[in-house]
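The first chain written gets the first letter, and so on, giving A, B, C and D; residue counts start at 1 in each chain.
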Amino acid sequence: MKRREFIILTSIGATGATLSACGNPENKLIPALIPDEEYVPGLDYWKSTSCEMCQAGCGLLVRTREHKANKIEGNPQHPVNRGSLCARGQAAVQSLYNPDRIEGPLRRAGERGSGRFENISWEEAFEELTAKLGEIKSRKESVGFLTGDASGVTGLAAEILASSLDNGRLIDAHGLNDLWIRAGYENAYHQPIIPSFDIANARYLISFGARFLETWRSPVSDSLAFGEFRGAAIRGKFVQVEPRMSLTAANADEWLPAAVGTESMIALALAQVIVREGLSKIPIQQNAFSLDDYAPEKTESATGIGAEKIIRIAREFASSQPALAIGSGTSVIEQQADAEAGLKRIEAIHLLNKIAGNEEKPGGVLLPLPGIDPFAKWRGKGRWLPLTGKSISGLSALLIHQSNPVFAIPHTADAIKSVPLIVSFSSFPDETSQIADLVLPDHTWFEGWNIKAAPSVKSGAVVNLTQPVVSPQLNTKQTADALLAVARSMGISPPFENAEEMTQQAASEIAKVAGATDAEEFRASFTERGFWTGKPGRIKGGSTPKSSSSEVIDEVASLAKQGHASEFPFILLTYEHPSLGFGNQANLPALQELPDPMTGVIWGSWVEINPQTANKLGVADGDLVEVETPHGSLKAPAVVYAAIRPEVIAMPFGQGHASMGRYAENRGANPATINPVAAALQSDTAAVRAKITKLSEQAAHIRFGTTLPERPHIER
Amino acid sequence: MDRARDEQINRDLLRSVRETGWGWRIVVAISGMGLMAGVAAFAYQWQEGIGVWGLNRPVMWAFDITNFVFWIGISHAGTLISAILRVTGAGWRRPVTRCAEAITVFALMIGALFPIIHLGRPWVFYWLVPYPNERGLWPNFRSPLIWDFFAINAYLMGSLIYLYLPLIPDLALLRDTSRGLRKRIYSVLSAGWRGTALQWDRLEKAVRVMAVIIIPVAVSVHTIVSWDFAMAIQPMWHSTIFGPYFVAGAIFSGIAALIIAMAALRRVFHLENYLKPVHFNNLGLLLLTMSLIWFYFTFSEYLTTWYGNEPMEKAVFQSKISGPYSPLFFAMVACCFLIPAPMLAIKKLRTITGTVIASACVVVGMWIERFLIIVPTLSHPRLTFNWGSYKPTWVEIAIMTGSFSYFVLLYAVFVKMFPIVSVWEFKEGLASQTQPGPATDKKVFRAASGD
Amino acid sequence: MMNETEKTQKPQWAMAIDLDRCTGCEACVVACRIENNIAVVGPEESARDRSMNWIRIERYMEGEFPDVRVRFRPVLCQHCQEAPCEPVCPVYATYHTEEGLNAQVYNRCVGTRYCANNCPYSVRFFNFFDPQWPAPLEKSLNPEVSIRTRGVMEKCTFCIQRIRKGEEKARDEDRAVRDGDVIPACVGSCPTKAMYFGNIADSNSEVARLARSNRAERLMEDLGTEPRVIYLRKRDQA
Amino acid sequence: MHTKAGAFDKVNEATMAMNRLRMEGFTPKDITMMSSEPLPLDEDDEKSRSLIWLFSILGGILGGVGATLLTTLASKQMNLVTGGMPIVAPWAFGIIVFEMSALGAILAALGRMVYEARLLRRGVGAEYGSVVAQGKIVVAVDCADETRAQNAERVFASCGAEMI
């Protein structure tokens, strides 16, 4: 970034003597525009931006020197992460400097899927794209825009470009997951909100499958809260209910390995005990559940958790103040193909909060106003659809950005491959870009602009600014800029020149909400700090209509395949990898070599099997097994894992890339191929029936550390 | 003096120097190739990094240090044994000493290479040497590795001198019976030896002094090698028994190596009249003694660990007794005790073949012992999360092969250059036997001939 | 011998880790890798147990289903005051600084690996090969931390580069170092704020306070290594 | 002055020759006896006393002192604390002192032996002919004048020597 260089002095120290000698107060971000001639080599220049490795929206300070970013720290002033940062965020510099980035625009040279491309110029790329879109428009055919950045600049640019076409279809890569979560809370709280939970101040916490220390919603923010929860004068007690012990459950004081899909039964059993013993603080009106059916004595055989334990925990929950129950947004066993039942479960979990009477109280459930949409002023031009089989059917062109559906949701791959024109904006040679006709590589978020609302925190709404910390490293272009350029050549005049202008204008709108008198000053401070936080307000303008939860229910029903227990005796859980996520981070070497905290596995996939089960199947730790579900099968090495129910096997997402650069390719297996519901919902708890067979082949199985009395993989 | 017999002795004992047989050539060719393989493997390691070995975290030492300890152990064959025999005046030692002392020198030379080979950056090995330099940098004299440096140097220097001194009269003999380039070389090496009564007297005195000094040095060398481990606080390393345990093990493996070398020399150079069954019998008895001592030490070592039941020690113990290292452990016990001890104890089996078989077992067993001292401890660090295992690569095996080949090659070349049985000492032994009268007066050359 | 008065004037760096807060999330592990240019060795080398983590989360799983307990413990160089690794080094490549740090001099290291063998905490990592940074990944390297070549040992330095900057800053401001001047990468990243770093010689510092806690323990105290990393036991055990 | 030498087959012949030579007035210094193996002769009281033992003790002391100085001074120069040990660590340095003492003793003994045995000197040893290598015993005697030379020759002849 040559035009703007920000030096930011921060409380995290380590900024160099000359800067601290300026006499500026600490804990304040001091902006300074450093023209090239004033740039001092050997000094650290700290720049603020926002993390886009997940949806949590942590604030970052990036340390740069000689125009190179070399370290990311959490922004100490940012209300979400308060200076802390997770493993993914720490590793993000390796995406900027990834050796396998796509260096410039490409046009397919061989057969589709052959992986042969030729280099073209951006002018050629735009010309070709404009011409093809023009043709499609003239034929009145549909063009799809699939993006993982629907709420950011790309989404708005896509809306603008879509408005220039007659049949533009906007598809949100996170749409299903988003809808699913929203629908759950809407069921529970009868309001279109996503509540936040005051874990820090709770004294009793029951989590139903929410891996809030790893992947759920906002891991850093929740970890900070958990630290306070643990560090408080009266130490909080934490109970985790889930069939397979995750890192989060490992940190619980008590782990209740309830059978898959029975979390809600546990919740209702707890509620039943509290109500029947008259421990509830507030009167419980009759609700959708007939609680007596869920008495712990009646449900213990189904859940696998003894009644005495439930009664004890119920009493503890009722007697601890404040007590809080949180739950994963999804909980569904696919065999039942009953997404509605899953939604009902969220309601059951939150019944406990109602019984505890903790709404809008410290240590309880906070129901914030809906967050700010920075682009509200320019909305209303399109409706975002979730990524489903339906939403990608019948397209003549599909523009794909920040999404890798061929890998992440493999059941959409055939539909995508049948689209005549595929344009990928991927920065990396992922599976989807490999079948594209045109590849127009995006900047990484270290090089581009964006503005987004982060999930609200206790103190209020948060709007994050992502801004360039280094100049573009390769011949890439920010996708929003590219879409606007195409829109202009399609004959419309967008209200913005580029993404930078979009963020600046959006910032001016936020200034109004914030009540800033001087918009210019607000923008300057916003740019320095990289975020704004305050009381949420509504920006005048439209809003993007959201789809209804019925789309989720329909999609799950269409994807689910019945499998019979006699043929598929096990239940497979597929979960988000703590660091590799759903596979988007698989090309970062630091994360590939980061041991999974529970199993120690690095550089590969694994299947967790209970020792009893493994014994029955004759499977030893490290043996290669085949996991088969009604949807297909895959091979992965077994990890004999004590902390999982005997009828359950578990496997993380994240690996199994056929293409995505040297670090990700041909490593492990992708469970999305055998559990499409979980893949589509991006859910940890969508289970599927499965069977396991031991194979005689050797598995590539690498682990860091062991706790076993003798290393099982001595023979390598 | 019997001229004919004298000449016969000269002919027999100098045959190895004078004649070059096919057996010798084949041995040199094979060992030369083995050495080349080892050198090539080391060059590869130098070029690529020590990662071409099978080492890992936590097993940072394995074959390298095993070989180091093994060779230093073998080196205790010669000087120590010959010094003890000399000091105690064991007459049967005469045909044996040089053969043993040569083993010491070559085994030490090879052993001393391993600390260099095993370095991550072998090209800066000289940083371990205390030499004055402009940066004022010195090695850390508190490190057992520096003790090793001093001990091995002292022992190597002492052993070389101890090998050389009794060689001088034989060098003079070679000088006087050869011509051309060889004569010139032997002239230089024999340092003007004339065989005057004064020279004989001083030689005897000097050898006696050496013999007395070299014994504590030899003991200290293997003690210090054992301290490389005993100074560390790792389970089953931090043991006070290690010093004597290692010294006993060293003498044990040293005698075994000596018996094998003697048998080979006897066969190749037809020294049947010089290296007689009685030598093998005596050395076999010594080997039996050492085998018993070895068993005693090993038992003490394992018993205290087992009885103490300290968890970290016990983990290492278990891995050896019943864990992945147990096949090696029981192979070691068989090779060091169960097989050789009965063989050597039964007089009928204590033949040349018998002692050689027992010795071969002992050499293998003692190599395994060193491996089992190093690797199981390292693979079971205190924090069990870091337990590991080890598997050698071809590079380590090639370097080890190279070291064995180098030893054979050095020995073969030595035999080609110098009489492997001390000519004058042998004659002296005969003389003291045939002329008992005056010989009894002499202190050093007290006669007790081997025959 | 070290001048005693001089010694007391120097800050004595120490770390405290609250095991009750630590969740084992491993943010510190990556933070350390990026800050200290720790090489990623790749799958083949990792399979040979050569991956490097100056700080690692040790996981101990006990019991059988359903009564499984898991304990996490971040383990890094304990900066022992009586460090077993130091005297065994033949070339002084590892020694003790006046600030109580266990220093590792990469340039001087010849690679005997003796220090690693004598470290009871297994926190020393050896460069079996030269590290690889496929272009342009080398641009992400921290210019303040040297890249280690093959054949040398490396380990946690308590982020010595940050310590130097913090001390420099305090000196510029003509004051003693205080809490917050030095924040090692792992401490800074910790999402539960389970790690504390500071001058244990200053009895008012947070680490000194925590070191006096009744939950304070040090790893393998019985070995007499006197570690500078203080662990605070989980409160359910206290 | 020239040297006369006689070669003997038997030890007692050579001894006899030497005794007779002495009776002829030759000093032990004039007479040199050379053999290919040490001869079981009586202790020669005229032989100078050997100082090899003394020298080796002195060498040992020298080596020990040198090692003490080396370890102490070098460690003080480095002045680095390792493992909480003192800079000058007698327990550890003692090992080096021991090794260096032994080495000093060995080297001093070697040096003294070389000196006393008159090894490594040019121009001596010409008399040592191939006859010695063949196992004969050579007695050489330095003769100041012709008369003495004749005396020596006579003695040799009488004892059955082969003249060289």
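Going forward, contacts are C-beta pairs under 8 Å (C-beta built on N, C-alpha and C of every residue); 3 or more make two chains touch, one makes a residue touch a chain.
Values in this document were obtained by computation on a predicted structure and should not be read as measured data.
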Can you identify the chain nearest the overall CA centroid, using each chain's own CA centroid? C
Based on mean C-alpha positions, I'd like to know which chain lies farthest from chain D. A
Chain pair with more C-beta contacts, B-C versus B-D: B-D
Could you work out how far the Cα centre of chain B sits from that of chain D, in whole Å? 29
Could you put a whole-Å number on the gap between the CA centroids of chain B and chain C? 43
From the mean C-alpha coordinate of chain A to that of chain C, what's the distance rounded to whole Å? 31
Express in whole angstrom the distance between the two chain centres, defined as the mean CA positions of chain C and chain D. 62
For chain D, residues contacting two or more additional chains: 78, 80, 82-83, 85, 92
Of all residues in chain C, which are in touch with two or more distinct other chains? 48, 56, 58-60, 84, 87-89, 92
Residues of chain A touching at least two other chains: 705, 707, 716
How would one label the connectivity among the chains shown: line, ring, star, complete, or other? other
By the touch definition up top, name every chain pair that qualifies. A-B, A-C, B-C, B-D, C-D
Give every residue of chain C touching chain A within the complex, in rising order. 18, 20-21, 23-27, 29-31, 33-35, 40-43, 46-48, 51, 53, 56-61, 63-66, 68, 70, 72, 134-143, 162, 165-166, 168-169, 172-173, 180-183, 185, 188-194, 235-236
Mind pulling up the chain B residues that touch chain A in the complex? 319, 323-324, 384-389, 391
Contact footprint of chain D on chain C as seen in their complex: 1-2, 81-89, 92, 94-96, 226
Per the touch rule, the chain B residues reaching chain C in their complex are 48-51, 53-61, 115, 118-121, 124-125, 127-128, 137-140, 142-146, 149, 228, 231-234, 378, 381-386, 388
Chain D-facing residues of chain B, complex: 1, 3, 6-7, 10, 130, 136-142, 146-147, 150-151, 153-154, 157-158, 161, 165, 168-169, 172-173, 176-177, 191-206, 209-210, 213-214, 216-217, 220, 224, 424, 427-428, 431-432, 435, 438-439, 441-442, 445
